[in-house]
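Note that the chains are named A, B, C and D in the order they appear, and that numbering of residues resets to 1 at the start of each chain.
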Amino acid sequence: MKIRVYYEDTDAGGVVYHSQYLNFCERARSELFFTKGLSPHKENEFFVVKSLQADYIKSAKFADLLDIQTKVIEQKKASLVLSQIILNEKDEILFKMEVQVAYLKNRKPYRIPENILNIF
Amino acid sequence: MKIRVYYEDTDAGGVVYHSQYLNFCERARSELFFTKGLSPHKENEFFVVKSLQADYIKSAKFADLLDIQTKVIEQKKASLVLSQIILNEKDEILFKMEVQVAYLKNRKPYRIPENILNIF
Amino acid sequence: MKIRVYYEDTDAGGVVYHSQYLNFCERARSELFFTKGLSPHKENEFFVVKSLQADYIKSAKFADLLDIQTKVIEQKKASLVLSQIILNEKDEILFKMEVQVAYLKNRKPYRIPENILNIF
Amino acid sequence: MKIRVYYEDTDAGGVVYHSQYLNFCERARSELFFTKGLSPHKENEFFVVKSLQADYIKSAKFADLLDIQTKVIEQKKASLVLSQIILNEKDEILFKMEVQVAYLKNRKPYRIPENILNIF
């Protein structure tokens, strides 16, 4: 998934604000659903972030066109661990993250449906 | 209401991102409720923004401590027009806005309750 | 310009947070530059928002794919007035705004360069 | 440091958007400077986030008044590891994070000045 960096994503340091990389990664996770004609939010069923480990390697700047890549590295009944990396147009890794997401139904852990597992 | 400008509020231009002034004004409107022990969001009743007219006079910068002032300029059964201004520590007006907010219950216009009118 | 609505754009009311529509419009203005191979931020030259008048007609929701349309309605030496509308996939107008942007060089009003005027 | 949760901090899930906890923690780090009459951003000197490990324990909701607590757990010449936790009004831990921040001067690692170390 390609994401352009706009003014709103940057801060007075001239680069992308640190928490914004998490937003980019979340957009990429959501877009995996959208491209399959599914929604990441089905009534009272959706994923939530449980934990994450993030490394900031190089700064993204205004106007950069970023590439966000996502893959599953661990799969359990009601949760996934994903590895996500953000690269710039020169294919330099700017940011990497391992994020554990849990699937909830009515705010309780719930087995991830088959059609959703197939997305990843 | 006093609001500090943090990194997240600024952009690569070095000043507060233009839509962030609207957030500051919304915080000030919400805080009017909180200081009276009320909530701006009661089940399916809350205000929504219908229209606004905003003037950007001078930029707020990182670390500024802003003062947001709110007053009612027009009151109808189910809506209010508020005037909000944002000042810096030197009492310079940075931003001013007239915003019309409508009171909704179950997503439909609804008469503003007496105790809420008393806040403003 | 097409913009997808992600979680980050919504608030607890279940719809897009009111100031986020301004961000969408700013992305659309910036993208006009990018599609022409230009940047909206050239050293110390860029546009800033001077004033805006916005109408909230219908709410955008999570997962909506929005269309942002921009046209010039007034052109002066160092400023433009743009009309921007946001539509959903059913071509319903959700939001419309008139925004005055001023061109600055070193934080002072400056004649808009010809190649930038040609974008709009 | 106390932080109120406003609409802008929440998402359509009805709770605080996951990356927003990082913003709250950054505000708390900046506020440590402000309360000592210092600025976290001195010309070309400031901290940047290098890595973080975050755990989401319980959700913060609209109108919550959060308490952010920060302590140093490791101190090097040009970087710090901080532990930050976010609690709600019932003193429940909602979020905890270990964040490594590096001190930069002109975008290069630089020894943290004594008066800044004293803040933490």
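Definition applied: contacts are C-beta pairs under 8 Å (C-beta built on N, C-alpha and C of every residue); 3 or more make two chains touch, one makes a residue touch a chain.
Given the structure is predicted, the values throughout are model-derived calculations rather than measurements.
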*Look at all chain centres (mean of CA atoms) and spot the one farthest from the centre of chain D.*
C
_Interface with more contacting C-beta pairs, comparing B-D to C-D_ = B-D
*Which whole number of Å gives the spacing of the CA centres of chain A and chain D?*
21
*So how far apart, in whole Å, are chain B and chain D when each is placed at the average of its C-alpha atoms?*
26
*Mean-CA-position distance for chain D and chain C (Å)*: 31
*In chain D, what residues contact two or more other chains?*
7-8, 12-13, 19, 23, 26, 41, 62
*Can you list the chain C residues touching chain D in their complex?*
7-8, 10-15, 17, 19, 61-62
*Contact residues on chain B for chain D in the complex?*
4, 6-8, 23, 26-27, 30-31, 34, 39-41, 62-63
*asked:* Which stretch or stretches of chain C touch chain B in the complex?
replied: 12-13, 18-20, 22-23, 26, 41, 46, 48-56, 59
